[in-house]
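Once you scroll down, you'll see the structures, which are given as structure tokens.
Both of the next two complexes hold chain A, though its partner changes from chain B to chain C.
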Partner chain A sequence: MKRKALQLVLCLCMIFLITGMIILPGFIRESFAAEPIKIGFIGALSTPYGASNKASLEISIDEINKAGGIMGRPVELITEDWKREIPLAVAAYKKLVMKDKCLIVFTEGTEGSTACAQLGARLYSTYPHLMFSFWSAHESLMDLVGNEYNKYKFMFRVYSNTADSYNPAFGFNDFFKQTVGTKKLALLIEDIGWTEVYRNGRPGVYPTLKEYLEKDGIQVVYEGKTDIKEKMFLPILEKVAASGADTIYWVTGYTDTVTLVKQWDQSPAKDMDLILMSGAVSYAAFWKMTGGRALGVTAMWPEIPIPFTNKSKPFLDELKARGSGLLASTYGAYDGPWILKAAAEEVGDFDVEKLIKAIEKGEFRHSSWIWAFDKRHEPKKGYPYLPNIMGQFQEDGRYIVVLPQKLIEVTNPKAKYVRVKDLRKRAGQ
Partner chain B sequence: MVHIIESILVYAIVLGSLYLLVSLGFSLICGVLGIFNLGYGATFLVAIYGMWMFMATFGLSLWPAIVCVFVLQFLFTLGVIYFPIVKRYIEKEELLLTSLLLMSLIVEETVNHFYPITAGVDIPTAIFTGTMQIGSTNIPTQMLVVVIAAFLVTALYVLFLLKTKIGFKIRAISQNSEAAKLLGVRLERIYPLAMILAVIPPTICMLVIAPVWAIEPMMGASLLQTAILVTILGGLGNLRGTIIASFIVGLIASVVAFAGNPRLVGMAILIVVFFVLIYKPQGIAKSETLW
Partner chain C sequence: MVKIEHKRALLVFRFGDKKFEWPIETRYWRNPILGVAFLALLPVIFSSHPDILSLIATANIYACIAIPLAWQMTGIGRLNFGPQAFVGIGGFTAGLLSIHLGWGPWATFPIVIITGILFGLILSPLTNIAKGLYFSLVTLILPLIFLEITYYFGIFKGETGLFGIAPMISIGNIVAELIIANYFSLIMMVLFLFVVVKVFDSRIGLYSAAINDDEEVANNLGLNIKKWKIICFVVTSVMITLAGWFSAHYFGTFAGVTYLQLPFMLKILMIVMIGGRGDVYGAIYGAYFIVILEKVLTIFGTANYLLFPLILLILLFTLREGIYGIYRKHKYREYYPTIRVRKR
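Moving on, here comes the complex of A and B:
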């Protein structure tokens, strides 16, 4: 009797064991499949850029989840605020990679991204992950992957950098010579880390911006450096006016472009074309901020909704509905998770090494241009790859695309760049 | 050369007037209450964003909005700065400075929340547009308004302090508050009055420079820095010193900008203030009294 009972128990155990062996892996797989893919974002959330990047990532991730996630796994966004303080960025990166186990971390800002890249390189072997950075303009960042591939291969940049101004694919000098019609240029550069190459050049690699422009036949008749805290631009504008320049190219990023434009409009330099690089001038609201004094001002990365693909408009509508602006890094923030999804689905895996190879080899397009990365993990340049977009404020604050030609055709085919003097005449000023 | 000298002189007056309007109120509080008002930066924000709120949000036209912004400024100064903070902590310096700074940051964050830079804030207070030529130097005509406003406001304040009974009391407090108290001056009445008087120049300043200046939520900090710099150079709480210091700073800025490198203006001002403090720590005028 005892023996029979023992046999029965053994049989039951075997049945449980076999059943378990059949069901358990599936069960484990099911449980694992429900685990979300975590995406981290470190942004200065109180700034327009941080808010726009966050909203873009949220929209992107919402859409990916509605479309079934990435290979059936939902995507979760974890956001951290670095308040533009490097120690906070480093602490946030550490948390996102080590504690939250994020597969990819989006970072912004040159200083923040550089610090995170250094930390990421140390963590990578233990915590394999990817890093996408935007708003990291310093040209030294782009050499990291090129010079020490194995150390920094996890890092991709989804925004253009300082050295792009030297890239013929962007047609920057042609813009001055052909579109604007510049004969004599006043070149002003804000004196801060990210403009170092422009001011000092890099021996054997890049000339100074002045040398580069002059080599291409643009005569620079005035050159100056400006403090990013500057509020009184009138003396500089007075000097620029006396230089005989017909165009002012002011490399701005952190400079107070609102004050600059208000004072330019009431200075002897007001009939000179004013080309600014970035800053508040890129916002559509800049027109209102300057009380309409931005007539004729041109800037890079203007806040203009451009219909790149059929996905652009729904995204931009949603972005607007969420109260966020369209800024330079917005497309990168929105397209970033889609690049990850495409790469993961291509390799059928979340193995970071495989993902890196897939991103390196692939070409991706969602709401904007084609994303393809070179050996330094820099985006390929020149439309249909990453474009250099320039916009000009015309009458009634209309912000129109004036570069590149292909985007003019799809955005404002009838409008073109008009010299400031002519715009003022047209506006009856 | 003549053009450079002309430009230096014109801009020394223009910039000096601007610095004077920015610093006058700060200096007054220093002189009367004997405190470093680290909440002074918020005054600029209340002025400019108050105007915007009344015009854009409540739909008021320019003049009613200006009246309302002065009322708002007075209410803010008394209701948020003076009674809850200054009056309570006037003898406890660390608490006073911390509270004032915190209040300033709260105002900054609030403004940034409701009217971030992308809100496109602009105040249509331009009396003149375009430029005017003085000799061979061009300046925005609106800057002439800044100069006139600075001279008028300063003259009125000086007359008020020298010729009125309340002015005498204010000066008495600035010289020795305990002695003034013994002679029957009621500090609890003069202090709030001085606080109110101190917010008028920055409010006027904001209204007249808005057409040539950016309006953004963080602007208070840099204006506070200017006010501190000028007031220290002039001698803490001495209006005469503040007037002279404003034009000295204006002169340094324009000399460096026109005869040297505009990039070095900020550094040159800091260096001059630093050396003045080393060799004349009390500033240009010894701050025994407000005037």
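Moving on, here comes the complex of A and C:
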């Protein structure tokens, strides 16, 4: 009797064991597979950039999850607010990498990205992870990767940088010579850290912007530096008008472009073409901000919905529905998670070293241009890679793409750059 | 049922017939020691929360600025609106030496002190030349000038700031490094606290109080007020400079845009005001309060940008003597250094 009971118990144990051996690995695999891939974002959420980047990342991750996640694993976004304060950015980075175990962290701002990169380099051996930086234009940022590859290889920039102005693929000089038809240029540069390379050059690497333009046959007849806090632009514009220039190229970022354009419209320089680099001028709402005085003004990274691929429109519609603006960093924020997905699916693994190699070697395209990275982990430039997009305000505030040609063809094929004085004539001004 | 009564400098706990009294004055050293012991436990408690560890270190750094500032405000009888200029001096000195000469934190330490003394001495005549509001205005402008300098001279790397600064400690284990660095910040803060408390308890503290109350009376009583104001300004400036040194090596990066702007100054002044004007211990409460409040409010999303200053404003109006003043209301015996901004 005892023996039979023992045999029965042994039989039952064997059945449980075999069942367990069959079911358990699948169960474990399924549980593991369900573990989300975490993506961190450290953003200044009160700024238009931070809000746009957050919305773009959210849309991107929602779409990836709807498409089955990354290799069957769902993706989770964890957002931290750094309020543009280094201590908060560093605390957030530690949390995202060490506690939340994020596979990749998106960082904002040159100073924020620099601080996070310093910490990331120390964390990397214990906590391997990736870092994508945007809204960080300082050209020297990626020197970190260029100079100390093994220490900073985890870091990529998904954004343009100030030195792109010297990149022939960006076509700045051709834009002045061929599109605008500039003969004599007035060059004004806002006097702040990020424009240092334009004002002083970088010995042995980059000339000053004036030297670069002149070397390429553009005559710079007036050169000046302007304070970012400047509100009275009329005296400068009067000098510019007296210089005989036909085009003004004003390197702006922090400058009050709304006031600048309003005063330009009333100054003796109002018939001179005005090309601004960035700032509020990039927003479509700039037309209303200036009360329609921005007629003919041209800027980089215009807020124009460009149909790069068939994925662009759904994304831009959703971004608009969420009330967020389309800014220079939006493309990197939206495409970033898709780059990770493509790289992970290519290597079939989440091993960070393998992912770095895959991102370095690969070419990725989703909603905008082809993302491919050079040795310094800078994105390659010139369409179909990261382009220099220029937009011009024309009648009724229509913001049209005027550079590069390929994007003009897909966005506004019938429109083209028109010189300011011709636009004014057309508008009966 | 335990009943708790607050009697002047005592907390009285009643449990039935039994009574237990606990003196809560800071001059009973067991209270500060308990407080420090509690702070020393925090890195251990939060060892698995690196973000909180970072915030604790940040609070300690803020306290390291606010503690000497509390002494300075009393000792020179003027309101310094630009203590962050010295944070910048310390941070940039440490950063530049570390980047260009490859120096570690202990090599940069003495140079930072010397630089702090030098700049403290250069600016110290202001404590005698600029009176009242003029001193506040001049000190308000100093860090802003420094900020402009960091933009204009490439060596400071503008808004990018210095990077590649040697870490405070490097032992190959990042978690241990963070905890040890956290203790460094605590040790520095406790040292600052100890020094300033001892100064306030000493004859120098009495001089400071006399200068703060009425410079002319102090002078007529035979006190060399110029000498003592300069000593106070230089020593406290060096202490604030060391907070910059610590920040540079702790974060591995140092940018003027973070430390020299008005919002950072406002935060430090808020710490002093919320903690308790001219009070040493209050600076610690204030620092931890501000850091915790700022972090907690981030759960409200973008609304925190409005809530943070709003709460601080309400506290400034309701707690005129700061958090520490709630307790002080029941304690009239000690000298309380009020900060006055005189017209002359």
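Brief remarks follow.
Following the convention adopted for this analysis, the second predicted complex is superposed on the first by the 402 of 429 C-alpha atoms of A that agree within 3 Å, B and C clash if a C-alpha of one lies under 4 Å from a C-alpha of the other, contacts with A are read in each partner's own complex, and residues count from 1 in each chain.
The rule we apply is simple: a residue touches a chain if its C-beta (ideal position, glycine included) is under 8 Å from a C-beta of that chain, and two chains touch if they have at least 3 such contacts.
Since this is a predicted model, take the numbers as computed values, not measurements.
In the superposition on chain A, contact is made by A:46 with both chain B and chain C.
Judged by the touch definition given at the top, the superposed model places A:114 against chain C, while chain B stays out of reach. Judged by the touch definition given at the top, the superposed model places A:287 against chain B, while chain C stays out of reach.
Once chain A of one complex is fitted onto chain A of the other, the partner contacts of A:69 are absent, as it touches neither chain B nor chain C. In the superposition on chain A, A:192 makes contact with chain C only, while chain B stays out of contact range. In the superposition on chain A, A:141 makes contact with chain C only, not with chain B.
Once chain A of one complex is fitted onto chain A of the other, the partner contacts of A:231 are limited to chain B, with no touch recorded for chain C. Of the two partner chains, chain B is the only one that A:325 touches; chain C does not reach it. Once the two complexes are overlaid on chain A, the chain A residues touched by chain B in the first and by chain C in the second are 46, 191. Taken in their complex, chain B has these residues touching chain A: 3, 7, 11, 14-15, 109, 112, 116-124, 126, 129-131, 137-143, 211-216, 222, 253-254, 257-258, 261-263, 265-266. Per the touch definition, chain A reaches chain C in the complex via residues 45-46, 51, 80-81, 83, 85-88, 90-92, 94-95, 98-99, 110-111, 114-115, 117-119, 122-123, 125-127, 138, 140-141, 144, 191-194, 196, 200. Residues 48-55, 58, 61, 150-152, 154, 157-161, 163-165, 167, 173-175, 177-178, 251-253, 255, 257-258, 294-295, 298, 301-302, 304-305 of chain C touch chain A in their complex. On the chain A side of its complex with chain B, the touching residues are 46, 48, 191, 224-227, 229-232, 234-236, 238-239, 241-242, 256-259, 262-263, 266-268, 270, 280, 283, 285-291, 325.
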